[in-house]
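In what follows, chain A forms one complex with chain B and a second complex with chain C.
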Partner chain A sequence: MEYKAPLETYTGRVKEVTLGKGAGALKIGGGNILPLHYFEGSTVHRPLVALEVNDNGADRWAEWVVQPYKDVVSDPVKWAKRCLDLGADLICLHLDGTDPQGANRSAAEAAAIVEKVLSEVDVPLIVYGCEDDKKDVEVLTAVAEACKGENLLLGPAVKENYEAVARAVADNGHCVIAQTPIDLNLEKELNVKLLKQLPPERIVIDPLSSALGYGMEYSFTIMERTRQIGVVFGDVAMQMPIIADLGGECWKTNQARADREQGMHWESVTAMSLLLAGADILVLRHPDNCRLLKEAIEGKI
Partner chain B sequence: MAIKGTDIVKKLPEGGKKNCRECGLPTCFAFAMKLASGGIAIDKCPYISPEVRIELEDALSPPIKPVTIGAGANILTVGDEQVLYRHEKTFIHQPGMAVLISDDEPAEAVDAKIKKLKELQFHWVGKVLKADMLALRHVSSGRTAFEALIKKVLPVTDCPLMLISDDTEALLDAHRLCADRKPLLYPATAQNLGKIIAAIQNRPAAVAVKAAGVESLVPLTSRLKEAGLEDILLDPGSRNLQSAIRDQTLIRRAALKQVFRPLGYPTVAFPCFMTGDRQREILLASTFIIKYAGIIVLSDIDEHSLLPLLVQRMNIYTDPRIPMSMEEKVYPINNPDASSPVLITTNWALTYFIVSSEIESSKVPSWLCVKEAGGLGVLTAWAAGKFSGDNIAPFIKKCSIESKVNHRRLIIPGKVARIRHELTEALPDWDIIVGPREANEIPSYLPDLVKSWKN
Partner chain C sequence: MILIGENIHIISKVVSEAVRNRDAAPIQSFAREQSRAGADYLDLNLGPARKDPEEVGAWLVNTVQEVADLPISLDTMNPLAMEAGLKICKKRPLLNSASGKSESKLNMMPLAVKYHTQVIISVITDQGCPPDVDSRVESIMDTVAYANGLGIPNEDVWVDPIILPVSADQKQVHEALEFIKILPDLLPGIKSVVGLSNVSNGTPPQLRGILNRTYMVMLEKNGIYSAIADVLDPELIELNRGGQAAVRSLIYKVMDGEPVDAAGLPELERNYIKTARVLMGEALYSHAWLES
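Let's look at the complex of A and B:
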């Protein structure tokens, strides 16, 4: 029997999304291959690794993941700069402080924080609200307006608020995170709706990332199927890049809180799994894992 | 692609028109269909010719051969996988996790590794997770140390064994010491394959073939198969992450999509030989768990790195078609009794996993009432009107919790604190307590709450 390498080529292609602007802009997507299948497809933008900065500080973070940022957690600007010093490709700013059930920071204050961070770093910014669908509309609109034309990646836009969030994104020259709760049908439905307001090159899919042991396999399979439906079957409503915001999920598990080493592996194994499933942006908390995952992506391991 | 019933029938006696019924089925066509689905043995047909029989047996055999290592009660079976992606159909045989012991390691290190293999076990949502086997490696000059290592290991563990030596004579001598354990021998290469075939034809062993690249494996497995030996594993020699992903993918595709028999075997992967860095090794192992490896050899294990890998392995090998919701009922956690606290949540599987594992780690015996809410999380279920006073109250009444406990205190998730009032009205005999917003606060919350009740 003669061996013929079963290489495959696909007609579908992940949309190329540009984040940020000017010299510091970064691109994701663009490829017609399955995740990390660099052996059988055209040149693509490799996945990016972001580190998380939180406007709410890190009071509730496990001590081992606060340690690298200990002296800067009260200042999002310094914190973001630290992340870049430690190797992050870009910054993911979570505005947990705007949560009405928590610190309830106003939309204007939140926008001022984002503007400040943006003015001090030269990488693209990802900005997540507090995941309260009403408050997020106020906050994300204020952020979008204050940073008009800066091409942030803003979200989450969810079933309940996508029209208003997408409008703020479209009117002010940004990209949007389309978030659905680990469900392929809901994911496609939201994408289709958003495509009426924004081109696919301005949308990134967040199918929700669960931590290892806490539903990681569901996130894994939704991402893997999203990529297959987009690339192998060519469905244009499923060809946007994927973001895996997993650091927070991993570090809140008991296993990560119980032991430093275990926490490190919890985050890196979850990240590697979702990278293999198709994530184009990984959002992590620990800088050592940021370096490790970048090495994996760059083929240095 | 497996052979179809319509193709089988043409090969049956008289072109499938004999219809003698001696197999117990009304027609040859029915027999062929049943054969294709694995529902009947081929020898039920008394008239099938020996040549056709061999041809059909081959065509009907699984595209990736199941391979068993070890003997007795403690064996490991890998292979027999049928899909490339877990959403198509469940992955079947979890990769075996092996711990490497080299014969130049100090005695204490060897003892410690054997002990860890035996004793490191984790309880995770009702399952026991552990590593599977030892890989014993010959690196010292001479054979004394290697033989001593094998003799030390044999009586103290019945786990499946892999023997590794680049000295073929040493490898085969080692095999003689434990042939009754049906070990896995590594490596079989183009250079030593003849010797290995001769040695294992009457002493059982599985063989892992090694070559530089996927294609170079083909002549090796073909020779083994000609010799009647099919307990084979494959090592395409890839020693970095991206070439490993490539090779594992090509082997799995060739086996499943092309039914290319020479590559229809499970693979063995060596994170232990790919890096000297622990973090990288775990990352490589986690890649092999997802990307199709049959056996994964680690340089060492410890509780904090093994648990994440075993949980990942369990996650990836669960059946993805299981709906993401739990049955509506009362779940006992940590052996509760009549005075134990009662908590309620919704039936989304993830919600249940998280809440139940947090209660478990709080060590407080508790009752967890899981209410049907369309498989939604707590907040979403509340927003959808599926987790509110008017439907929780009837559930509490009918779910038998009132007969299990001698108190009437119900802890609700903090995220739906707003339903407390309506629930108090709907359940006048119950005291409604607002619990934590996040499940990870349960381990600190529950013990304090129970203590306050006792005072």
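Let's look at the complex of A and C:
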């Protein structure tokens, strides 16, 4: 008798979220399976790998991760194009330069940078503010308005500012990143609140990604449980795709700064782990790790 | 179920100031209010009572007994304050509480014997609070056996499974429910008690009541004997007296896994259904659990 492997079926399904528009649009989520369990279920969109571009340059980056970009780090447009040449599926633009404690770039200037990058690349754009909840409202609103209808993935929306951020996102045709501090209950609460302003197909969860040795296992368990609660238990407030913005977290560790090989492993192991936990978008800094993770996702390793 | 009024608690600013100044009026007003509301016992929580424990213990019991006829549940970690209070209780008191901790076996349980009180015994041991049903069972069997050895019969023991906040550890809320269900089979004749309001600790203040009330109905279905609770919540009293039959039956249905069609029901009833699902561990808790 032929052996047939038993398959689980689940009641819930991750929402399909479209990023960008037109020919360059990409989709994530959509599956009714646990992470990477392609044998269990229906068509899904495979996870995506983004490379980070920073409007603040790369002065504080470890030299081995600056190396692939060192001639373009002062120009976000060129930097973004380099990332695409090096294999990124899409670009994650961090606007660290808007931080009031740092360069304090204005919202209008930041919006101009985003517009420029957007006009020069044909992939979807993820845009993170500087994670100052007040300044982010100004900056993300300006970006949302300047790029109206372009369907960016914008955030983070946090407990302190989600109403204003979600309003800018909803009014201007974008998607939002819902960020909570590694806590399942707070994550659900924010999702429930955001669902009053936006449909679930326009929300991506960022439960915060900690690096290996700095709490990665907490991020892992939150992502894993998010998927289980959404897919296995069918909780509609927990069915949005997940973004793991981990490159910066990995490359700021002492271990990654001390040694190139160690840094490469720090980022790749963290990324691989969070991929297994359920991340739908991985944001990395090093192009070699981008290639590695894409190969893993495509099943080559 | 038997309700033990929780409001004379040292954690309340009014109470702690009144105790410090030996000001009888606020304490007596709480005692009267809770008696009128329908409490069966009054809990007097003195906390650690570091300063003048004997005098404070006696003063508080006397102060309450001047205006209330109810039996007292005396709650303090300080054996001196406990003894001073128990000594002068007019009605047979409840010692709140002993546990499986060595210190408690040594200092608290003998007081229950000496003053022939009833005694709350929690599942806590020197290792802390047991994390699941099996370890709760193991701990309570040991501790109750020890109490029996001192001459305290099962009938005088009120077992406390320790309720943790649903916002902190949702799984424990369900574990405690299960524990209450099997307790009478393990220890025939035993009574049980919970600190009901603990379940809603850390949740938005205006939403604590519905969590407390729903959990009370659930615990009652599983056979709980008593609860230390907010007896000043009139809806809780009404439910405990058998009122709100529709709400009760919906909560039971959720517990029994029967299909419940919430659509078309009044908001109040839908909220009880949502709350019961959270307390059963069927839906993930968030502070916005009534909004989804």
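Methods note: the second predicted complex is superposed on the first by the 295 of 301 C-alpha atoms of A that agree within 3 Å, B and C clash if a C-alpha of one lies under 4 Å from a C-alpha of the other, contacts with A are read in each partner's own complex, and residues count from 1 in each chain.
Criterion: contacts are C-beta pairs under 8 Å (C-beta built on N, C-alpha and C of every residue); 3 or more make two chains touch, one makes a residue touch a chain.
Small disclaimer: the values here were computed from a predicted structure and weren't measured.
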With everything superposed onto chain A, say whether chain B and chain C fit together or clash. fit
Contact-wise, after the overlay, does A:Glu189 reach chain B, chain C, both or neither (first, second, both, neither)? second
Given the superposition on chain A, which partner contacts more residues in chain A: chain B or chain C? B
Check: chain B-chain A-chain C angle from CA centres, nearest 10 degrees, reads 60
Touching partner for A:Ala237 - first (chain B), second (chain C), both, neither: second
When the two structures are overlaid on chain A, which partner does A:Glu295 contact: first (chain B), second (chain C), both, or neither? first
Return first, second, both or neither, reflecting whether A:His265 touches chain B, chain C, both chains, or no partner chain. first
Looking at A:Pro181, would you say it contacts chain B, chain C, both, or neither? Reply first, second, both or neither. first
Per the contact definition in the header, classify A:Ser273: touching chain B only (first), chain C only (second), both, or neither. first
After superposition on the shared chain, which partner residues are touched by A:Ala23: those of chain B (first), chain C (second), both, or neither? neither
Considering only C-alpha atoms, give the closest distance between chain B and chain C in the superposition, rounded to the nearest Å. 7
Once the complexes are superposed, what residues of chain A are shared between the chain B interface and the chain C interface? none
Give every residue of chain A touching chain C within the complex, in rising order. 184-189, 192-193, 195-196, 229, 233, 235-238
What residues of chain C sit close enough to touch chain A in their complex? 167, 282-288, 291-292
Help me check something: in the complex, which residues belonging to chain B touch chain A? 85-87, 124, 214-215, 218, 222, 240-242, 245-246, 249-250, 253-254, 257-258, 260-263, 274-275, 279-280, 282-284, 286-287, 290-291, 302-305, 307-309, 311-312, 315-316, 318, 320, 324, 349-350, 353-354, 357-358, 361, 377, 380, 437-438, 440, 443
Interface with chain B, chain A side, in the complex: residues 1, 3-8, 36-39, 101, 181-182, 210, 212-218, 220-221, 224-225, 228, 252-255, 257, 259, 261-262, 264-266, 268-269, 272-273, 276, 288, 292-293, 295-296, 299, 301
